[in-house]
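The structure follows.
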C-alpha cells in the first residue's frame, strides 16, 4: 500500500490553475522525485499536501486516510514532515531550539507541568534533549548545537531544516529543493544524508532541479509542467519521454 | 424623521469623516513607503493646527501665507524627524514593533510639548470664509465644511498626479513596493523615506489647519481624532488614498447616525465594534488587495 | 555572595529578592508607593513579555485588561461584599475570559490591524465602565474598596506574586510551550508546519497575558482603594509597551528593571514642574532610538561577553517593508 | 562573571538613585509649606493654571510684605510648591503621596472630584488639611475632617442656576445635556430636584462622552424636542464646542445655562464672540460684581498675568490668605489649623468664608451673564451654613 496518494488534485488561484488534476503516490521506504520547470506548480502541490492551501478539487490521502481537510499542524502530527524552498527557520533561536521545535508534536506535558516543573516535564525534557542530540549527531550538526541559526551559512541552515523535520519522526519527508544554493561538497553530503534517512525507513518526496541527485536517489520520478503531471516512472524512463524533454528544452515552439 | 433632518445628519457625519480621512491619509502615506503605522499622525495634525494658530491668529499673517508657512514648517519637521529619528531606526534593522512604539512615545512628547509651548487652554481659529452658517432650505451648512471639502479634493488630486506622473512619486511607489529592488536601481531610500515623512507631516499641517475650525485645539486633540482615524484607515484599507477617504466617511457618518438613532454615549463603542467585526470579515479593508504570503 | 550562586538564581529573581530588602532601608512612604506602583507594573510588563516578547503579538489594550481585573475585584468586594481573597481569584479569571475575546481576532489579524483592535477593545472597556454607573460607579468611580492587606504585608504579598510570575514566565520561556510561542513570533507558517496549533497557542498567550494584567489590576485596586476609568487609558497602555521594549522585549529581568525605572522616572523628574513630561518622553524616545545599545538585555549580553543577539527584525530580506 | 555582577549592582544602583531623587526634600523648619496639587498636565490643566497663578500671586504679596507674623512675634515666609496631579485619579494619588512627602502645613487641591475621592484618605492618614476644588457633593460627605472645600457643592448652585433661568429668562421647557464625568454628572444629579421645585421637568436629557468632537445628534434631538433653553454641563472644550455647534445648527435663540467651566475664557474663544453672547453661568465670584475688593483683585491679576481668567478657579488666592491668617492666629500647628478651619469665619477678597459641618468654606454663589464684552451679575445668594 502506498503511503501518500493524491487523486485528481487541483488548486486554482483565481483564474490560474496552479495544480491540475495531479495523481501521485509515494510508497513506504522509497524516495520519489518531483521535477518540473520553474513555475510548474511543484511547491503549490507540496503546500496543498501539507495543508497550507486547501485543494480546489481532488483528494489527498495519507496511509489510506483523507487529509486534505486537515490543518497543517494536524498533517504534521500524522507524520508528514517538510522543509521549505526559502528556508523558514527561527533565526533568532539556536540550532538546538530549532530542532527542538520539530519535537513539539510529541510533547505531552501541559501548562501546569511547565509552571510546576513536574516530574513528567523533567522526564520528557530529558528524553527530548537526548533525541535532539541523536538527530544532531545523525545530521552532523552537533558542533553547532548552541549556535544562533542566523549565524550559520546557507548550506548548514538547510541541514538544520532537515534535522528539524526529522525530529518530528515523520513517516514521509517532503523536501523542497534541498540542494538549491549548495556547493558540490555540500550536495555530496546532503545526498549521503538523504540516503541514510531513507535507510531508517522514512519515505522522501524530493523536489529538486539537481538532476544528478534525483537520478542517484529516486526510485521513481514525477514530472510536472503547467500544473499537470506529464510523466512518471524511473529516471531512465522519464529521460526518454518526449513530453519531458519538450517541457525542459522547449522544443516544438512552446516556451520555457 | 424628515428629509432635511437626514440630510443635516449626513452633512455633519461627512464633515467629521473628512477630518478622520485627513489623518488617515497621512497614516496610509507613511505605511506605503515604510511599512510603519504612525500612531503619532493625529498629534502631528495638532502641531500643524497650533503652528497655524501662531502664524495666522497671533502673528496675523494673511491666511494663504500662514497656510503655506505652516505646511513648510511642518514638512521640514517631518524631514528632520525622518532623517534624525526614524530612518536611523530603520537602517539599524530594529524590530518593526520597536519603531511603531517609537511613534507611540512620540505622541507623549508632542502632547506635552504643545502643553508647554502653547499652554493648556483650548483655542480656535477659523477660515477666511468666516463662521456664519449658510442656510439651504432647512439645512444648515457651515462655510468651513465647504472649504474643507474643496481643499481635500484639490489635495487628493495633487497627490494622485504626484504619485502617478512625477519621477519622484514613481520612485516613492517603487520604494514602497520593492525596497530592495528600488535601492539596487539606484534610488536613495533614505531620501525617499524622508520625503514621505515630509509629505505626511505637510499633509498633517493641512489637516490641522482644516480641523481647527471644527474641533478646537487642545494638546490632546490629535490623539482623540486619531482613534477614529485608525478605525477609518483600517476599514478603508491601509495604504489606499480612496480607502482613507471612504473609511473616514464611513466612520463619520456611522457615528452620527448611531448617535442620532440609537444612543449617543455608545457611539464610540459602535465604531470600534464595526471595526473589529469588519476586520474579521475582510481583514485588509475595502480598498486593499489580499496579499498572500509566499510559502 | 558567590557568583555561581548568583547566576543560578538568575538576574530577574535576584532583583526581586533585592526588593525584599528595600523596606529595611526605611524608605519614606512616597518612594515606597512609587516602588509599589513599579511592582504592580512588573506584572503587566511580564504579561507583555509573554504576549509581545515571546509570541510577537503587539497589544495596546493592556490597560483595558488591567481595568477588567481591577473592576472585577472592586465590584465583587464592594457591591457584593465578597471576601477580597475571592476577588483576588475571580478578577484574573475574568480578565482571562476577556483575554479570549481580545485574542480571537489575532487568528486573522496582524501588525497594525491587530494593534488597533486591541486598542479599540480597551476603549470599549473604558466606555462601558464609564456608562454603567450602577455597577461601576461610572464617572464618580468605585470607592472604599477593601484591601487584602495594606502597608508592608501588601508589599510583600505583591513581591511574592511578582516573584512567582517571573519564575513562571522564565519556566514558560524555557519550555516547549515557550518555544512554540517564539516559533509563532518568528514564522507562523513554519510553526504550523512543525505541528504547532498556532491558534490555540496564540489564544493561550493572550489568556496568560490577560490573567497577569488582571492580577496587576487587583494590586492597583488594593493600593489605591479607589477606581476611576480615567486611570486606564491609551497612555497607560502605551507606557506598558515602552517598558517592555526598553527591557528588551523578551527579557524578564530587563522587563522588571525597566518597569521599575520607567515608573519612577516621571516621579524623579517632578522637580522640573511643567516640563517634566516633555523631558520624560524625550528620554524614552532617545533610549528607543539607541535601544540596540541601551536595552538592558543587550547590556547584560555585553557584560557577559556573549555574542550579541542583534535586536533585529527576523525578516531580514525586507526590513523596511515587512 | 564579574561584569555580570557589576551590571546587577549598576542597574539596582541607578534604580535606587532614581528612587531617592524622587523625593529629595529640604527640612528648613520655619516656613509655611503650602503644596498646591494642581492639574498641570492632562485635560484639566486649563483650570490648574488659573488656580496656580492666583495662589502664586497671593504668596508673592504676602512674602514681599515680610511674610506672616506668628503668635510668638517671629515672621515666617510661605514656601509654595506646585505638584502635578495629572488630571486623573491615579495621578492624584501619586501627587498626594508626593505632596505629603514634602510635609506641608496645608494642601491646596486636588481639582477634580475623582482625584479627591481617590486621595482623601491619604491626607486623612497624614493628618494634613486639604482645601479641595471639587464640586460633587459626595467629596465632603465621607466623614473626613481634613477635607475642606473651596468650591460650592453642585447641589447648592444648580438650584440658583435654575432659579435664574426661571426668574430672569422665564424658562418653561428646559433641555439638559451633560458630559459623562464626575463633575458634570454631579450637576445633572442636582438639576432634576432643583427643577422640580419650580414645577419644571427637562423636556429632553442628552449625554456625551468627554472628548467627543461632534454633538449634532444630541443638539438636533434637542431642537426637535421644542426646548426653549439648554442646561449644559461639561468640561471647557466640550462646552465651547457645543455652544458653537448650537448656533451652527440654528438654535442660537436657545439660551445656555451652564456652570463654572463655561466661564473659562477659552470657552469664549471656542464658541466665538457672537455665540457666547448671553451665556449664563454660576460662579463663586463674578467679574461683574461691583464689590471694590473683587475689582481690585481683577486689576492686580490683570496687571500681573495680562490674561482673562475664570472667576471660580482663582479662589486659591483666598485659600492662601486664609491659611496665612490662621497661621498668624495659631502658629505652625496642623491640628490647630484644622480646628480653626472647621470653625472658619473669614472675610477674603472674593467673599466671606464660613465653615459648615461638612467642611464647605464657600457659601456665596452668583449667577452671571455675558453681555457684549463683560460679565453682568444676575443673582447673588448665600446658602445657609449648617454648623
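Per-chain numbering from 1; labels A, B, C and D assigned in written order.
One rule holds in what follows: a residue touches a chain if its C-beta (ideal position, glycine included) is under 8 Å from a C-beta of that chain, and two chains touch if they have at least 3 such contacts.
The structure displayed is predicted, hence computed values, not measured ones.
Peer 1: From subunit C, what is the lowest number of touch steps before subunit D is reached?
Peer 2: Each step joins two touching chains, and the minimum needed here is 1.
Peer 1: Which chain's centre, taken as the mean of its Cα atoms, is farthest from the centre of subunit C?
Peer 2: It is A.
Peer 1: Which pair wins on C-beta contacts, B-D or B-C?
Peer 2: B-C
Peer 1: Could you name the chain whose Cα mean is nearest to the mean of all protein Cα atoms here?
Peer 2: Most central by this criterion: C.
Peer 1: Can you work out the whole-Å distance between the CA centroids of subunit B and subunit D?
Peer 2: Roughly 36 Å separates the two chain centres.
Peer 1: How many angstrom between the C-alpha centroids of subunit B and subunit A?
Peer 2: From the centre of subunit A to the centre of subunit B is 47 Å.
Peer 1: How big is the gap, in whole Å, between where the Cα atoms of subunit B centre and where those of subunit C centre?
Peer 2: 31
Peer 1: For subunit A and subunit C, what's the span in angstrom between their mean Cα positions?
Peer 2: Subunit A and subunit C have C-alpha centres separated by 40 Å.
Peer 1: Among the residues of subunit D, pick out those that touch two or more other chains and give their numbers.
Peer 2: Residues 41, 180, 209 of subunit D each touch two or more of the other chains.
Peer 1: Which subunit A residues sit where two or more other chains touch them?
Peer 2: 52, 84
Peer 1: Give the residues of subunit B touching no fewer than two other chains, as numbers and ranges.
Peer 2: Residue numbers touching two or more other chains: 112, 115, 265, 268, 295.
Peer 1: Please give the residue numbers of subunit B that touch subunit D in the complex, ascending.
Peer 2: 5, 8-9, 12, 15-16, 19, 112, 115, 119-124, 126, 131, 133, 135, 140, 142, 214-216, 218-220, 224-225, 255-256, 259-260, 264-265, 267-268
Peer 1: For subunit B, which residues are in contact with subunit C within the complex?
Peer 2: 31, 34-35, 37, 85, 88-90, 92-98, 100-102, 104-109, 112-113, 115-116, 175-177, 179-180, 189, 193, 223, 227, 230-231, 234, 238, 265-266, 268-269, 272-273, 275-276, 279-280, 283-284, 293, 295
Peer 1: Would you pull the subunit C residues touching subunit B in the complex into a rising list?
Peer 2: Result: residues 52, 56, 58, 60, 105, 108-109, 111-113, 115-117, 119-121, 123-124, 127-128, 131, 189, 234-235, 238, 241-242, 245, 249, 274-275, 277-278, 280-282, 284-285, 288-289, 291-292, 310-314, 316-322 of subunit C touch subunit B.
Peer 1: Please name which positions on subunit C make contact with subunit D in the complex.
Peer 2: Result: residues 3, 6-7, 11, 14-15, 18, 27-31, 33-35, 37, 127, 130-131, 133, 138-141, 143, 220, 224-228, 230-231, 233, 257, 260-261, 264-265, 267-268, 270-271, 273-274, 276-277, 296, 299-300, 303-305 of subunit C touch subunit D.
Peer 1: Please output the residues of subunit D touching subunit B within their complex, sorted ascending.
Peer 2: Against subunit B, the touching part of subunit D is residues 41, 43, 45-46, 48-49, 180, 206-209, 211-214, 216-218, 220-221, 224, 236-237, 240-241, 244, 247-250, 264-267, 269-270, 272, 274.
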